[in-house]
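Please find the structures below.
Note that chain A is present in both complexes that follow, paired respectively with chain B and with chain C.
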Partner chain A sequence: MNFNTIRVILQRELRSLFLSPIAYMLAFFYLLITGFTFMISVQALNESPRDFTVMEIFFQNFFIWIAQLFIMPVLTMRSFSEEYRLGTFEGLMTAPVRDWEVVLAKYLAVLAFYVALWAPTVLYQFIFQIVAVTPTPLSNGPVWCNYAMVLMMGMLYAALGLMISSLTHNQIVAVLVSLVSTCMVFFLGLLNFFFNPPGAIRDVLSYISVFEHMEQFGQGIVNTRALVFYASASFMLLLVTQKIIESKRWRA
Partner chain B sequence: MIEVNNLVKRYAGVEAVRGISFSVSPGEIVGFLGPNGAGKSSTMKILSCFMPATSGTAKVAGFDTFTHSIEVRQRIGYMPENVPLYTELTVDEFLRFRAQLKGVTGKKIKTRVAEVKALCELDSVSKKLISTLSKGFRQRVALADAMVHDPDLLILDEPTIGLDPNQIRHVRDLIKSLGGKHTILLSTHILPEVEMTCSRVLILNKGRIEASDTPANLMRRVRSGGAVVSEFRAAADAAEKAILALGTVEECRTTAHDGWVRVEIFPKKGEDVREAIFHICARERWDLRELTQHKVTLEDVFVEITQEDKE
Partner chain C sequence: MSDKQPSRIIIGSSVVLTVIFSAILLVFVNYLSWRHYKTFDLTENKMFTLSDKTVNLLKGLDHPVKLYFFFNPEHGLYSWVDKLLRQYREKGGDKIEFEVVDPQRDLVRAQELAKRYRFTGEDNMVIVESGERHKFIEAQSMAEMDMSGMMTGQPARIKAFRGEEKITSALLEVVEGESRKVYFTLGHGEGDITSQDPKSGYFEAAEKLKRINISPMTLNLVQKPEIPADAAALVIAGPLSPFQPDEIKVIEDYLKNRKGKLFIALHPGAKSALDDLLAQYGIRADDTMALGAVNLLGVTKLLGSVPAGMLGKHPITDPILGQSLVFTNARSLTVLPPAEGQKGRPVELAKGIEAFWGETAYDKDNMEFTEGKDLQGPLTLAVAVDTGTVGDGNVELGGTRIVVSGSATMFANAPMMQYPMSPDFFMNSVSWILRNEKQLGIEPKVPKQYSLGLSPSQFWMLGGVICLLLPASILLGGVAVWLKRRG
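So, the complex of A and B:
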């Protein structure tokens, strides 16, 4: 493994990302949505006493989930599609780089940006401490569990988006198909709430339910089955991505 | 430096390269010619490890392009046909990125980037975004990219397309100066360029190698070699009769106008008929106003080899 290659490609990806207006637009809307969500979480606590902490309300909020569904398709749509369209893929793949180094570098670049988007929200709980009239204890464990969950969800959606981007040279197609796929993964997990499927199906749906995982992690329960699911699913999608770019060249 | 053996590339239903074999020794500058669709780019893409061959092998510096592709890629500088560049970067940023990607490290990054910028005359645009550059500059950025890690072998797919005559001359001189130290395989449609730079020419047609020789030897092979055009005041049939009587002429075409006759003479191989024509005119007292031997160019070779079956 050549870490230098990964670092160089990663830097290039991030530079291009930050040189495009998309990055700033995304950051703007993301902070707007998370900030707004935090505000209504605080308001909810102001209205009446609740059984939840402010961060629990924050992470369970509808707006956060919708933003989560959109973010990765937009971040990953350029990854490979743009390289195919501009032809820079040819230049990239004729440099001494291995396929999976390219895949991994692009994946890490997207994740790094995602982490940067979430980073400011860490401050929210401290802000809450300051503005709260009565001192409130920090529930560190569950909050960090929530963030771990946010990261894992990002890992899965990023791998999915990357794979779809590797299939087409059209960014619009990439972003739309990614969005549909991400929504499908998300809403499959919600089916249990709407229907009452028989045992086995229910178990499978619950195993992949992002929503249920978030609930558990929000209570500070580290569900190792969920960890295995996100890690293995992401890994598998990245492996498929590598195979796709390999086959692109076979058929080139 | 390059060893190609029975290389075949088949795309869905189309055979682009049909079992070609050739080799290039270190230091050679080889011109890769052929009509569009002859399989030049496909061969170059296989050599640069962008895509695998359907069958056959290609080796660069002893490494197989398929099984040891990283080793091969470290040793080649490839300039693709459509000059793909990251347009959101500046020239400096782009070249730095490419140098690092190709394994140039430490202080050498800076010196190599400066060197190739100087070679390709890019200093004036170092800080400019690639998206704002003209076609000619982009072309040279891609060339600088190909050379940035000082590769043993340069594979250039139409490096001078889209350049103005001055730039073409500059790139030609650059390529010439790189020969000896580097091995170069270049494809182009600008044939005078090949005549001037290449020590050897490979002509591809329909996926096969039709000729492989020095430009000079190839030009000697051409049928129209030694053809003479002459114009003098005479009757067409009298002129033709006199010329054919020489016995060294294979074919003679005449066109008459305003009392002058224009003759195209195709002598037998190796014969020079110019002197004889002059003597005929002197003897018959025909006024002579033109006598030129057609200078064979690589273009004639190219046309003859790649159009044979149309005739």
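So, the complex of A and C:
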């Protein structure tokens, strides 16, 4: 493995992500959504005592998770599609780099941006402490579980978006197909609520149910099942992406 | 990189093969992860962690246990019980089977279970089953609720969740404990546990006992004047004719020397010849019939079903306090003044409403309340005594326990179905004489409550920083980057 190659491509990707005005617009709107959601949570707890802390109520809000569905398709749509369209892909492919180094670097770049989007929310409780003078009641376990969930969902959605982006030259197609796919992954697990499938199907749906994972992690329970699911599914999607890139290279 | 260009077919099949291969791998890895998994509870007070007692019990299971999660998803305890049962399954491995039944949506399955285990199919509960034995744990017994917020429109809050204690003790009972035998006496016109007769049969009562893992048996003391060694308790369900001296001696001996447990229900007017026996424990069954009168259009109608209020501070009545219990065709009871050497004081469990009196001339026509002759209401209708009780309620183990009910008809099939409190009272009474509550010492889970006390100005300041300042600074950063790149 050549870390140096990955680092170089990663830097190139990060520069194009962090220096684009669209990225800042995205971050602006994202912070607006999370900020308002946080204030709604503060309001809720300020009105009446509850069994949850502010951050726990924050993560229970559906807005947060809907925003999650949209962000990754937008972040990943450019990854390959743009390079195909601009013709820079050939340049990259003729450079002495391996396919999976490209895939991994692009994946990490998207994830890094995603983490950067979420990073300010970590500050919320500290801002709260300073502005409100009174300390917020904290419950660190469940809060870090929620962040772990955010990261795992990001890993899966990013891998999915990346794969779809590697299939098309058209960014619009990429973003739409990604969005539909992430929504499908998300809502598949909800089928258990709407229908009443027999035992085995119920088990499978509940195993892959993002919604159930959110609920469980949100309460402060880490389940190895979910960890394995997100890690293995992301890995598989990246593997397929690498294969697609490889075939593009041959066809080129 | 390859020198030769592979053909399109090879490229295509290579991609397809990779997809297939990795999909198989994905399924395999995830199947393993589904089979072998672990959860870690990161909550502060370990809300979702089973106690060591439960874990050890689950690890030592020899026989499979099935847990039915028979709950409406809208029930306030649903997610608590769901999480709890999942932990049992996680820790119990292959030995624990788990079935979720939503009574509203799995109608067929719900009815099937309702039929098999004989319940209405409307209650929310967990059924613990192992082999032939099963036990029900009803939703309301699993948590202490705080209703104080209901007045101001807030939902009831869980004060303490006792699910683990209840389920583990049920598990212990179905796995280890032979179901305990309760003997119903025969031969004096008592309620028959096999009879479906609505007014005198005790079939329903017996079924209710099976629900709490008790085996109802019959006992004929005339044939063999002996109370079996495996008797956990004796039930005398409304005798109509007197017990023979030999029988009484056996029962007396059982109560006194074997610290026996007795549930006795009485009919008005019936001579059971057990009066002396009851008197030894400070209870007298009055020779009365509890009656009330209503005047309808000038015609006086007598009522024989007495609505009674539960008296508190007793394990039998505490769970059903505030509910009304109906004593049908009852006689009143009197607690006698303490006698020398008597251990344990009888405790009154239920009193009829005031308008009902104890008619002494119940075999005559023209019954009405006669001052001086009849007993004035409110009448005492059920009494419990525990000779192990010491003064202020500190319980000394191993006492004789007796519950006397002034009505035997109220536990017959029809009233048991008609009045919801009849079965509750009956089961609570039998549980109490058997000391059915296993003391496991599993602590209930108490949810922590949080609150904030922000003033409006603090709130708006916080909102300003988080919703305006933070996003705006990002936007400014973006503009700065853009300007720099242009410039």
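Note that the second predicted complex is superposed on the first by the 241 of 252 C-alpha atoms of A that agree within 3 Å, B and C clash if a C-alpha of one lies under 4 Å from a C-alpha of the other, contacts with A are read in each partner's own complex, and residues count from 1 in each chain.
The criterion applied here is as follows: a contact is a pair of C-beta atoms (placed from the backbone, for glycine too) under 8 Å apart; a residue touches a chain by one contact, two chains touch by 3 or more.
Here the structure is a predicted model, which is why all the values come from computation and not from measurement.
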| item | value |
| --- | --- |
| Which superposed partner A:A116 touches (first chain B, second chain C, both, neither) | neither |
| Partner chain in contact with A:A23 - chain B first, chain C second, else both or neither | second |
| Partner chain(s) touched by A:W250 [first = chain B, second = chain C, both, neither] | both |
| Touching partner for A:F36 - first (chain B), second (chain C), both, neither | second |
| Which superposed partner A:Y207 touches (first chain B, second chain C, both, neither) | second |
| Touch count on chain A, higher of chain B and chain C | C |
| Which of chain B and chain C A:C183 touches, first, second, both or neither | neither |
| First (chain B), second (chain C), both or neither touched by A:T88 | first |
| Contact residues of chain A, present in both the chain B and the chain C interface | 19, 250-251 |
| Chain A contact footprint on chain C (complex, rising order) | 2, 5-6, 8, 11-12, 14-15, 18-19, 22-23, 25-26, 29-30, 33-34, 37-44, 47-48, 79, 83, 99-100, 102, 105-106, 149, 154, 157-158, 447-454, 458-459, 461-463, 465-467, 470-472, 474-475, 477-479, 481-482, 485 |
| Chain A contact footprint on chain B (complex, rising order) | 11-12, 45, 48-52, 70-71, 73-74, 76, 78, 80, 82-89, 93, 97-98, 100-103, 105, 145 |
| Chain A to chain C touching residues, read off their complex | 18-19, 21, 23-25, 27-29, 31-32, 35-36, 38-39, 42-43, 45-46, 48-54, 120, 123-124, 127-128, 131-134, 136-137, 139-142, 144-145, 196, 199, 202-203, 207, 215, 219-225, 228-229, 232-233, 236, 239-240, 243-244, 246-247, 250-251 |
| Residue numbers on chain A that touch chain B, as the complex places them | 4-5, 8-9, 11-12, 15-16, 19-20, 86-98, 249-252 |
